[in-house]
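Each structure below appears as structure tokens.
Both complexes below contain chain A, partnered by chain B and then by chain C.
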Partner chain A sequence: MNITLRMAWRNLWRHKRRTWLTVGAMIFSNLLLVFMISLQFGSYRMMIDNTLQSYIGHMQIQREGYNDNPKIRNSINAIIPLANDVRKKINSNRVAARGVAFAMASSEQRSFGLQIVGVEPEFEVNVSSLPGLINKGKYFSHINAKEIIIGSILARNLRVSVGDELTLLGGGRDGSFAAGVVFVTGIFDSGIASVDRSMAQLPMGYFQSLFGMGSHGHSIVVNAKDLTRVSVLQNKLTDIIKNNNKLVVLNWEILQPGLKQAIQADMASAWFMYAVLIVLVAFSVLNTQLMSVLERTREFGTMMALGAKPSRLGRLVITETFMMSTIGLLVGAALGYVLTYYLTIVGFSYPGMEEMAARFNLPDRMYPSISLLSIFLGPGIVFVFSLLASLYPALRLFFLQPVSAMKAV
Partner chain B sequence: MKSYLAVKAILTLAWRNLWRNHRRTLIMLAAITVGVWAMIFMTALMRGMVDDMLVNGIRDLPGEVQIHHPLYRDDPSINNSISMPSKKLLDILQSPEIKAWTARVRVPGVISSERDSRGVTLLGVDPETEVQVSFDKDSIIEGRFLKDSNDTGIVIGARMAERLETRLGKRVVIMSQDPNNNIADRGFRIVGIYKAKMASLEELYVYAAKKTVQKLLNMDNKISEIAITGENYRHVENWYARVKKTVGKKSETLAWYEADVYLGSMLKMMDGFVLVWVIVIFIALSFGLVNTLVMAVFERVREIGLMQALGMRPGMIMYQILMESFLLLVIGLMLGNVLAVISIVPLQDGIDVSGVAEGMEMMGTSSVLYPALELNDMVLANIIVIVLGFLASVLPALRAARYDPVEALGKN
Partner chain C sequence: MLNLFCSLALAETIIPRDLIRQAMNHWRGVSSYSEMTMTIHRADWQRSMSMQAWTRGDKTSLVRVISPKKDAGSGTLTKDNNMWTFAPKINRIIKIPSSMMSQGWMGSDFSNKDVSKSTDIIDQYNHKLLETRQQNGHAVYIIESIPHEDAAVVWGREIIIIRDDYVLLEQQFWDQDNILVKTMKALEIKIMGGRTVASVIRMGKVATPEEWTEMSVQKIQFDISYDDSLFSLSSLRNPRR
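Then we have the complex of A and B:
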């Protein structure tokens, strides 16, 4: 063992209580950071997944300008062949074409203005969770069926159930008057009130003929295997559509800017809190190391008189901090891991969370998501700032005069 | 007199001891100051956000207390309408605690220009009272708000006008359902365009005059809801109970915290957050605090032994250490409080967070954040720091008091 290491280690335990208190501050902060960051990662992931999977998807191919101005005329020509082409080129079935229109839906007793979405029954199941959430009736029989599926609250409000008729009245793409009668074939219950209250889907073929769309549609939803692969796939798609300069590929961050921004806002406030914790730990380390340097002034003076260079003493002080920080890092990360792991199994909840969760499409209990990053990010930063905090005490040694130092009390 | 002298002596000793090692004291003070500042600053920001969320939310709910048909909230249809307030209810609505009330027709409909159509919520309002309860007249950016309950114009949001490719003075058609499920439609001239604090609302609400809408939808003098606003949304209980009792079981009377449990839970959650945050920061501080005291005692073992040998009682020694801790905490708290106030005051005009406006909207707040410095929160933070700080100092203080004078004097 290197002599500096050994000296540093022994120096640390000359003041057991002080060392443990300093390490304790690190462990406390690290434990908290691991827990908070894992919880954050977990809830963001769930928030994104739950919000995107019901409808929006990871990416959409749209006509340029449609996202800002979703008018029925801003459509893509020959959308189904294009969707087929995309499917072939990226070799994935998580691709589905859609059309969107507004119509007044009337049952015998009620009428509501609704956004009506035309979908490809065969592929919609791969990009959206709604088809799987049908708890009454079934999904569309074929792409030209005069059938509609609606949310559970909407069904209740329209006073309809499976097999009933709905009349749709609206404006077609060509400015014509769109009117048609469809049968409710399925009712889904997603648990998200806004979706269950307002979502209605028609099969794409019938949608196109009802709303005078011809072969047009409004978007092609493309999902990646998971969120981390979105950008790669987006590049691929951009490449595929580059011959058609009227089309764009938009990812979820643009399709649903609120989601990303809510996460950013939450991140900002969370990092403010983390920063405060980290600064407080740094103060603690600064205090401890400064004290430990000051009380050893005579000792350091003697060592310098014996030929030790200030840089060596500085290294010694930094090594001491390094050791403390390492203990803090390892113990904090380990305890944090244990706590967080436990919570990934039993879940985590606090009063008021249920209401909050419902607002952000989260389940009632949160499950942190553990990864190397979530475990080591916080403790890693604490580690770095602890080392930085010990720089001042270490640098002071360079101004030490051996003779006067040896005389210090 | 004697105790006064003792306190004075302890105070002087503690004060001087603190500054014997001014570096350590300053670092600790800096830590406490930063900690306390963070406690108060963060709390004020969060409070401000929640206040905004609540004010916006309640305005949109609508009202601090609302009266609906029992089925309306689940099924906001014209069939679930109620009558205008009875004579008895009117009497209560005149009482001084109630600032304003308004009655609305609020039904789903479709708005169409020659270019496009959209689903909207059609509000039939009494303009005079509507502006007292919910609609902000300053939000009109073009044209005017409705004149009276018979106005035949319509006021739509700026985003909606953009979507429909229409503008002030043009006509739009409103379609909705009458009580017999006949589709009723009527042309309206756009007399005003408003810009909402939360942009998504601009696409949701269109305002027409109440009587005009009632006539269009053949609903006589029926309405969808009554919205009532008092002086302060935190204190609605007093008059809410009376309103609820008078309305009876036939209609549903709800206070805002019942109507939107998310909003209702926010206040409590916020209180919880403040407490947790303050305590977490305190714990992070306490390590340093205890450390400082332990060091202070350790350095002075011989001195403490000497004082004891000279007849100072262990209790006095304990008080002295506690006093040091107390002084540290009090100075740190003062600095922290001052810093917090100084940093919050310039932000009173609002912090622009429009970069994440749509995210804030998801949470229910607008894109300008107004920090809300509340006395309660400051007091809470200060009390927690003093009380817990004192408790954390007891252990090192007790240790100091327990030294054996002979042994302590012999220490090097």
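Then we have the complex of A and C:
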């Protein structure tokens, strides 16, 4: 072992209590950072999953330009065969074709304008949580049924319940009048007011005939197994549709830019708090090392008189900090990992969360998300800042005069 | 000679509000019957519908689609700013709620409001004559109309261009940020049913020049007397040939 390392190690344990206090501060802040960052990542994942699974999905195949200009004529021809083809090629059932149109829905007493989505009942359940949110009635019986499912607020506004009749009136893809009579078969309650107020679903077959769509539709929703596999799957899909240059594959970041922005905004505010924690730890390290340098002025003076260069002493001080920080990093990350790992199994909840989560169709427990990044990001930064904090005490040594230092009190 | 005299008389006592009223009356008469073709044009497709229309006074009208076959029999009835539509496919009459009045009428660029409330401009706006111009031997009046504070109107202002023989040449719709949103223009002026009228009218949004709706009038008769029952829901449902 190098002499500097050995000296640093001994110096550390000459003041056991002080060293342990500083290391303890690091361990504590690292533990806190690992826990909070993992929880934060976990809640983002939950936000993304829930938002995307309710309707948008991870990816959509659309006609180029449809996302910016969602007009009924910007459609994909033979959409159901295409969806079948995609299903076969990626060997997954999380693929569903949709069509979108606008219509006025009228009950006996009232009329409201709403967005009508045509869906494949058999596959929609694999990509969207909406079918599972039907709390009255049931989902479609088959793809050509003259049935509609509507949101709970719309049902209340129209004063209809399951089994009642609704009249739809709108414009078809070919410019003709779209008019139809459908029966309310299910009422969903997503907890998102705008969806519950102004969205309805029809089975795709009937949707296509009602709106003069022929075999057209507007999007194919494709979900990956989890969020981390989105980009791989996106490449695969792009490859599948590359023969048709009018189609594009868009991922959720493009389909739902607000979600990414919300996450970034939240991340920014969270980092503010982390920064405070990190700066506090850095100052406590600065304090320890400065104390130890000032206290050991005579010792350093003697060493210099014996021929030690200031750079060597500086290295010594930094090595001491390095050792403390490494202990803090390893122990903090390890404890953080253990705590977080425990929470990924049992989940994390706080009082009142259950009620709130149930309203928004979220799981009632949060599960932190463990990754190398979430474990080492916080402690890593603490480590770097601790080393930076030891620079000042180390630099002070360069201004030490051996004679006066040896006489210092 | 009479015409000249009229326009001279008009020029001396221009009250923009009266001018607009005259133009409206000129176009509608006390009552009118017309046959027209509506063409909806989009960048990649186009569609024409032929229809019949009956009007009486400012606020009563009945329009019925004759062709294409798929939509034949569909129609709308407007009465006192209310609008009903009939869809033969489902044999229902549906009242258009006020929230849907700014939507396109029969899929066109004319809104339901344009079709049903076009005379609101007389009562609910303040009018100002901006300019008088000479054009092809006619005097042309350019009028700015700004809705009253409390008017239920989506526009910030409208510019109306009327010829001295009461032909409405152009109507511009400006939004509250003073941006021109859409214009309605007379593309062809003809003598029909004994009056000089705009026989082809095009409505188009300024932002999308590729999208417009054209109304071309084949036949129009003025001042016919109708039975009251013509403008009723049952006549909307059951056309009397």
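In this text, the second predicted complex is superposed on the first by the 293 of 409 C-alpha atoms of A that agree within 3 Å, B and C clash if a C-alpha of one lies under 4 Å from a C-alpha of the other, contacts with A are read in each partner's own complex, and residues count from 1 in each chain.
Just so it is clear, a contact is a pair of C-beta atoms (placed from the backbone, for glycine too) under 8 Å apart; a residue touches a chain by one contact, two chains touch by 3 or more.
Keep in mind the model is a prediction, meaning the values are calculated, not measured.
When the shared chain is aligned, chain B comes close enough to touch A:Ile263, but chain C does not.
After overlaying the two complexes on the shared chain, residue contacts for A:Asn93 are found with neither chain B nor chain C.
With both structures placed on the common chain, the touch criterion links A:Met104 to chain B and to chain C.
Annotation for chain A, partner touching more residues between chain B and chain C: B.
Of the two partner chains, chain B is the only one touched by A:Asn157; chain C is not. In the superposition on chain A, A:Leu286 contacts chain B only, with no contact to chain C. Of the two partner chains placed around the shared chain by superposition, chain B and chain C are both touched by A:Phe112. Using the contact criterion defined above for the overlaid structures, shared-chain residue A:Phe177 touches chain C, although it does not reach chain B. By the touch criterion defined above, A:Asn235 lies against neither chain B nor chain C after alignment on the C-alpha atoms of chain A. Counting contacts by the rule stated earlier, residues 104, 106, 110-113, 169, 171 of chain A appear in both its interface with chain B and its interface with chain C. Note for the complex: chain C touches chain A at residues 40, 42, 44-45, 47, 68, 70-71, 74, 85, 87, 89-90, 92, 94-97, 99-100, 103-104, 106-107.
Residue ranges on chain A touching chain C, taken from their complex, read 73, 104, 106, 110-113, 167, 169, 171, 174-177, 179-181. Within the complex, the chain A residues that touch chain B are 15, 17-18, 21-22, 24-25, 28-29, 32, 69-72, 102, 104, 106, 108-115, 153, 156-157, 169-171, 198, 257-265, 269, 272-273, 276-277, 279-281, 283-284, 286-288, 290-291, 294-295, 350-356, 358-360. Interface residues of chain B, counted against chain A in their complex, comprise 21, 23-24, 27-28, 30-31, 34-35, 38, 42, 45-46, 74-77, 79, 108-110, 112, 115-120, 162-163, 165, 175-177, 181, 183, 261-262, 264-266, 268-269, 272, 277, 280-281, 283-285, 287-288, 290-292, 294-295, 298-299, 353, 355-364.
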